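Going in written order, the chains are labelled A, B and C, and every chain counts its residues from 1.
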Amino acid sequence: MARFLIRRLLWLIPVMFVVAIITFVLMHMAPGGPFDKDPSQRQVDAVTQKALNAQFGLDKEEWLDFGALSKGDIVGFFDTQFFTYMIGGTVKGQWRCGFICGNLGLSFRQRGLTVQDIVLKPPEGKAPWDSKAGYSLRLGLLALFFAMLIGVPLGVVSALRQNTPVDYASLFIATSGVTVPNFVFGIFLIIIFAVFLHAVPVVPTSWDSPLVWILPTIVLGFGLLAQTARLTRASMLEVMRQDYIRTARAKGLGERVVVWRHMLKNALIPVVTIMGPALAGLITGSFIIETMFAFPGWGRQFVTAIQQRDYSMILATTLIFALLIQIANMTVDLIYTFLDPRIKVN
Amino acid sequence: MASAAVAGGRSVNQAITKPPQSLWVDAWHRLSRNKAAMFGLALILLFFFLAIFGPMLAPHDPLKINSGKGFLPPAWMPAAWVSTNNVGDPQFFLGTDSIGRDVFSRLIYGARVSMVVAIIPTIFITFFGILIGIVAGFFGGTADNLLMRFTDIVYSFPDILFFVVVMFALRDTPIGDWGNGLILLFGALALVNWVGVARVVRGSTLSIKEKEFVEAARSIGTSDRNIMQKHILPNILSPIIIITAFAVPRLIIAEAVLGYLGLGLRPGTSSKEFFVTSWGSMLLEGQTAINAQPWMLLAPAIAVALVVMGFTFFGDGLRDALDPRMRGAG
Amino acid sequence: MKKSALFAIIAVFVALVVVACGAPAAPPAVVQTSAPVIQTQIVEKVQTGAPVVQTQVVEKVQTVVVEATAAPAAKEKVLRINLGSYPDIVDPQKSSFVNEIAHLNLIYEGLTKFNEKLETVPGAAESWKYNDKATELTFQLRPGLKYSDGSLLNAARYKYSLMRNIDPHTAGEYAAITDEIAGAPEWRGADLSTISDEDLAKLQATVSESVAALDASGQPCKEGADGYAQEDCLTLKLTLSRPAPYFHTIMGIWVSYPAKQENIEAGGDIWWTSPKYQIGNGPFILKNMEPFVRARFEPNANYWGDKAKVPIEYAYITDSAVAFQAYKNNEFDIIGLAAEDLETVKADATLSKEANIYPGSCTFAVMFHQKKEPFTDQKVREAFAMALDRDGWVKDVLRGLGAPTLTWIPPGYPGYKTSDSWGFDPDAAKKAIADSTYGSVDKLPEITDTFSDTPRNRTRNEWLVSKWKEVLGVDVKLNPVESTTYTALTKDQATAPQMFILGWCADYPDQQNWLSVYWKTGGFGERIAYSNPDFDKLVDEADQTVDPAKRADLYEQAQDLLIKGAPVAFMWNNVNSYLVKPWVTGLQLTPQDAGWAGAQVPTSIDIDASKMPSQ
C-alpha cells in the first residue's frame, strides 16, 4: 500500500510536466493574446502592448534562450517563459520561484493579482474556506453527497424493482438529469423556489445562510445523480444474476445483508470509477452555476481563462485540474481494493 | 427482488430444456419480445428517418426569414401562457424564432447534424475506450500504469484550447471545410471523450478478471484475446451501455457549446447544405429567449430527451438479450 | 425582501411539518408570527424528522432569525443594480472596461465631467482655459476640495495621476489617450529593459514640466507629501505638444482620477482590491467589495457638489434570464434589458412602464476590407451597403433594441448629422454591381462573412447573408470564429477578414474621438486599410482649430467625405435599455451611461419609499 502510494505520487511529476508542456504549446499557438479585448473598444496600442509584454515576461523566449547561452549565460539560458512559470526565473528583475513553490503566476487579466490571490485568498476578514476555491470545494462536495445519497439508493431500488413504476420513475429522473442542460434546470428551479415560493432569494446576498446553498447543489449534482442511478441500477442487475449472490441467499443470509454487503459492494465499481473524475470536475466549479447564482467560486476562472488568453491562469487551472484528477483516480484505485479485495493495486 | 431471483432460476431451467440456438438469433428473439427495447428502437429509427428524409418532411425552408414574424408562439398554445403580445400562426406548428424562422422545420433539419454528431463520435469513443480500458485492466502492471497515466493526461488536457488552435489552423483547409467542419468536430469530440469509457471498462475488468470463470478459462489455455473478448467483455457490457447512452446527449450539447465558443460547425447558408442547424445551437438560442418563445428551447430539449430515452431503452434491452445467463429466457 | 424570505422559509417549514405529520394545513395566520413560533415549528420538526436533519434545520432558522432581528424596522433605502460582469481591475490608470469604469465613476471625479447633455462641465476644476493656440491648458481647481477621508485634494494629486497614467511602469491600457501632453509619448514608449536610469529620468522630467501643479503665486508646488498638503496648490497647467482644443474633455474620463499615491504604494499591486485604499473624491465611498458577489457604495459627505441621496449596491449576475427574474422579484432596482426579453416586457402592463430605452454610445457597421477583393471596388461596397434594409434589421434582428443609422457619429454626441447615403435600395444595389468592374455577381470572387461566434451573432449574420442573397443574388459564406481569435484577426490589417461587423463606442463626447481617433490614417480604421489623405487633412485641421463653430464645420466635412467613399456599411446605433423600478426617481439618462441607467449623473437619484411594495 505504502509502495503503491509513493509510486503514484512520484508519477504525479512527469504527468504534470507533460500536461504543462502541452498546455504551454497550445496556448501560445492560439491566435490572440491576453490583451486582446472587445474589438469595439479602444485596443491597446503597440507601445503599451510592448510595455505589458515586458511586465509580464512575454518578451522572454518561450522554451530556451540560445541567445543567452551563446553569451555564456547559463542562468539566462533557462530564464524563459516556461521555466519561469514552472520552476522559477526573473520577474520584474528579481528571481522568483515558480509553480513548484506554489506560485501560480501573475494574472494577465486581473492585473496586480496573482492566481493564488484570486483563487485561494479569502475576502478581507473572512475564513480561508471563504476563498473562491473554498467555496467551490464546499459546493462540489455537497453536490457529490447529494448525487450519492439519492443516486445510489435510487439505482438500487430500481434494480430491485426492475420494470415497475419505481424503475420507470427513476429512468425519467435519470434521463432528464442528463438531457436537460443545467442552465435550463437552474432557471426552472429559481422560478419555482424563488419567484413562486419565495423560499430563497433569486440572487443570494450572502452565502452564510445554508439555505441558499440548496439550489446550486441540486443543479450541480443532478447530472451526476442521473449517471449514478443508472450505473448503479445496471451493475446491480448484473451482480444480481451472479452465482455468488445465489450462494449467499442459499446460505440463508438476510436480504438486507445480501443486497448491501454482497450486491452493492460489487456493483459500486463502475460508480466509483466515474465518481473520481466527477468529483474533480465538481470541485473545480461550474461556470454556469456561478453565473446563475452569483456563486463566488473559481469555476469561472477555468472557463474564461482560455477565452481571455490569461496565460498563467490557463496553466494554473489546467495543472490544478490535472492534480485533482490524478489524486481522484488514485483514490478510486484504492477504493477498488476495498470494494473487491481480489483487486491488487500493484 | 424476489422476482429477479426467480427469473434467474428460470433462465437456467429453460436453457437446459430448449434446443440450442445461435447467440444472435436467440438475442434477437429476446430483444424483439422486449417492449421497452422495441419502443426505444422505434424512437431511434424515427429520428434516423427524420435525419435522412427531413428536407422532404419539413413544412418550411428552415432558413426562410419571415420579416415581422419573430417570436410567434405556437398557434395551439392558450393565449394565457404566452408572455408576449404575439399571436400564433397555424402554419408554424412550434412557432418561430427571433427572426421569424419556423422552429418545427429547424427541429427536423437539426436532427441530421445531431444524430450524426451523437452516433459517429460515440462509436469511436466506445471502441477506443473499451480497447484501452480492457487492455489496461487485463494486463495490469506497467501497461496499466502507462495507459492510465495517459488517460490522466487526456482528462486534464485543455481541450477547448486545443480546439481553438486546431480550428484556427485547419478551418481553411479541405479537411476543415468538409461538411461544414464536421470532420474536425468528430475528431475533437472523439479525442477527449474516450477516457471516461476507458476508466470504467478498466475498473470493471480489474474486478471481473479475478473471477473464477476467468481463472478457469485461463487454466485451460484460452488465449488472452479470447478471454478478453468472450469472457470479460460480455460481463462489463452494462456500464458500457449506460456510459454510451449518456454520451449521446453530452455530445449533442458539446457540439452546441463548442459552437458557443466559436468552435462549432459552420452554419449553412442554403437548406441544401448538410448543416443548417443543430439541436445544440437551437438549445443555446432558446436559452436566451426562454421568456419570449419557450418552444425554441423546449422543442430541441424534448427531442434530445427522446433520443436518449430511445438509446437507453434499446441499450438495456440489448444488454439483457446478450446476457449469456438470460439465454432462452424472455 | 429579507422579511419576505423569512416568511417564505417559515411557510416551507410549515409545509414540511404538515406533510410529515399528516396534519391539516396550517392557516396562513401562522406566517405572520415571529421568532418564538419558529422555534415551536422546529420542535415539531425535530420530533418527526430524521436526526441528521435536525441540526441543519435549527441552524438555518437561527441564522434567519438573527438576520431578521438585525434588520432595521424601516425599509433601507438602497439602489440595487445588477452590473453584469465583475471588473478585472478597478484602478483609474489601468482600467478600460465599462463595468470597471462604473465603479471608478462613483468613487472618483476628474477635473471635468459630463452632464446629462454630454457637455463637458466643471468637475474638480472650477474653470479651465486654453492659450490662443490651444497648446496650453490651465485648470483652476476648486479651493478646499477634500477626499472622502477628509484629507486635502489639490492639483498635485491630479499631477500624480496623469504622471502615473503616462509612466511606462504603469502600462495602463488607456495610456495613449493623453499622448497630446508634451513628452508623454516619448516617456511612455521608453524601453525599460535598455534605457539608462538617467535617460528615463530626463524623459520623466520633461513630462513633469508639461504637467505642472502650481500654487497661488504661479510657482511649482512642493514635491511629494508636502505638495499634497499644500492648500494653495490649485492650478494644473498642461503643456500640449500640438493644439488640442478638445483636451479638457479627455480630462473628464477616468485616467485623471486622483487615486492617492500613498495608498497605491502601501497597497502594492493589489491596492485597488481594498476599500481601505480606494479613497476618492467622487460622490460615493466604496464600503466593501466582495468579488463576484457585490460592492457597496455610500454617499460621500465630503463631496463638493450635490450629495448623493442613497447608497448604491452592485451585483454581478451575467445571466440575463436570472437577473430578469430577480428584478421581477424586487431584488434589483435597475437591470439591463435583453432584446429577447423585450417582447415579454412590452406585453406586461407593469414592466412596459418600467422599461427605459434611449440612445447609446456606439455605432456598428459592416466593415469591408478596402484592400481585399472584391471590396477594393467602391461600387461593390455601395451595392452591399444598399442591399441591407436597416429598418428590417432593427425590427427583426435587434427586436427594436437599436436604431438604424447611415452615418458614423451617433445621435446625442457632438457632430451628429443624419445622412441618406447608401440606404436600402435594391435596384440601385443591383445596378451598382452591374456598374462595378466585376459587372455581375457571378464574376465576384468568393466572399466570406467572419464573425465572433455566439448564438446571437449567428442569427445576425445569417440574416445578413440571406439578405445579400435575396437582393443581390450573392452567395456569401459564413465563417464563425472564437471571440478572441476574432479580436486578434480584426485588429490587424493583414489578417482582417474580407468583411465583418464591428463598432466603435465613444471614449469621451467629442468629434475628435470619432473621426480622428478612428479614421485618420494610422487610427483604428487602419484595420480595414482605410486611408484618405483629404480626410486626414480635414481632421488634422479640425483637431487644431480653437473656434468651436469652425471646428465643428471641419469635422462635418470630414464625416461627409467618409460617408461618400462608402468604406463600410453603417448599420445601427446601440441603445441603452434598462428596467428601472418606479420608486427610483431623478434618473438623468445619457448615451454615455456606463453599465446602468443614470450612471453618468448618479447624485440626482433618489428612492421614493412610498412607492415601494409593502411586503
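Assume a contact is a pair of C-beta atoms (placed from the backbone, for glycine too) under 8 Å apart; a residue touches a chain by one contact, two chains touch by 3 or more.
Keep in mind the model is a prediction, meaning the values are calculated, not measured.
When the C-beta contacts at B-C and at A-B are tallied, the pair with the greater total is A-B.
Taking each chain's centre as the mean of its CA atoms, C is the chain most distant from subunit A. Centre-to-centre, using mean CA coordinates, subunit A is 33 Å away from subunit C. Centroid to centroid, with C-alpha atoms defining each point, subunit B and subunit C lie 43 Å apart.
Per-chain CA centroids place subunit A at a distance of 24 Å from subunit B. Across the assembly, subunit A contributes residues 30-31, 183, 187, 307 that each touch 2 or more other chains.
Counting partner chains per residue, subunit C shows two or more touched chains at residues 321, 482-483, 485-486. Within subunit B, the positions touching two or more other chains are listed as 164, 168, 261, 287, 290. Per the touch definition, subunit C reaches subunit B in the complex via residues 320-321, 324, 338-344, 346-348, 392, 395-397, 399, 452-456, 458-459, 462-463, 465-466, 469, 475-483, 485-486.
Residue ranges of subunit B in contact with subunit A, taken from their complex: 1, 3-5, 8, 36, 140-141, 145, 148-149, 152-153, 155-158, 160-162, 164-165, 168-169, 196, 199-200, 202-204, 206-207, 210, 235, 238-239, 241-243, 245-246, 249-250, 253, 261, 283, 287, 290, 297, 301, 304-305, 308-309, 312, 316, 319, 323, 325-326. Note for the complex: subunit A touches subunit B at residues 11, 14-15, 18-19, 22-23, 26-27, 29-31, 159-163, 171, 174-176, 178-181, 183-184, 187, 226-227, 230-231, 234-235, 237-238, 240-241, 246, 249, 255, 259, 266, 269-270, 272-274, 276-277, 306-307, 314, 318-319, 321-322, 325-326, 329, 332, 336, 339-340, 342-344, 346. By the touch criterion stated above, subunit B contacts subunit C in their complex at residues 63, 65, 67-68, 70-71, 82-86, 97-100, 164, 167-168, 171, 259-264, 266-267, 269-270, 281, 284-285, 287-292.
Looking at the complex, you find that subunit C touches subunit A at residues 1, 4-5, 7-9, 11-12, 56, 59-60, 63-64, 67, 82, 88-89, 91, 94, 96-97, 168, 171-177, 185, 188-189, 191-193, 268-274, 290-294, 315-319, 321-323, 325-326, 328-329, 331-332, 362, 364, 482-491, 502-505, 507, 517, 524.
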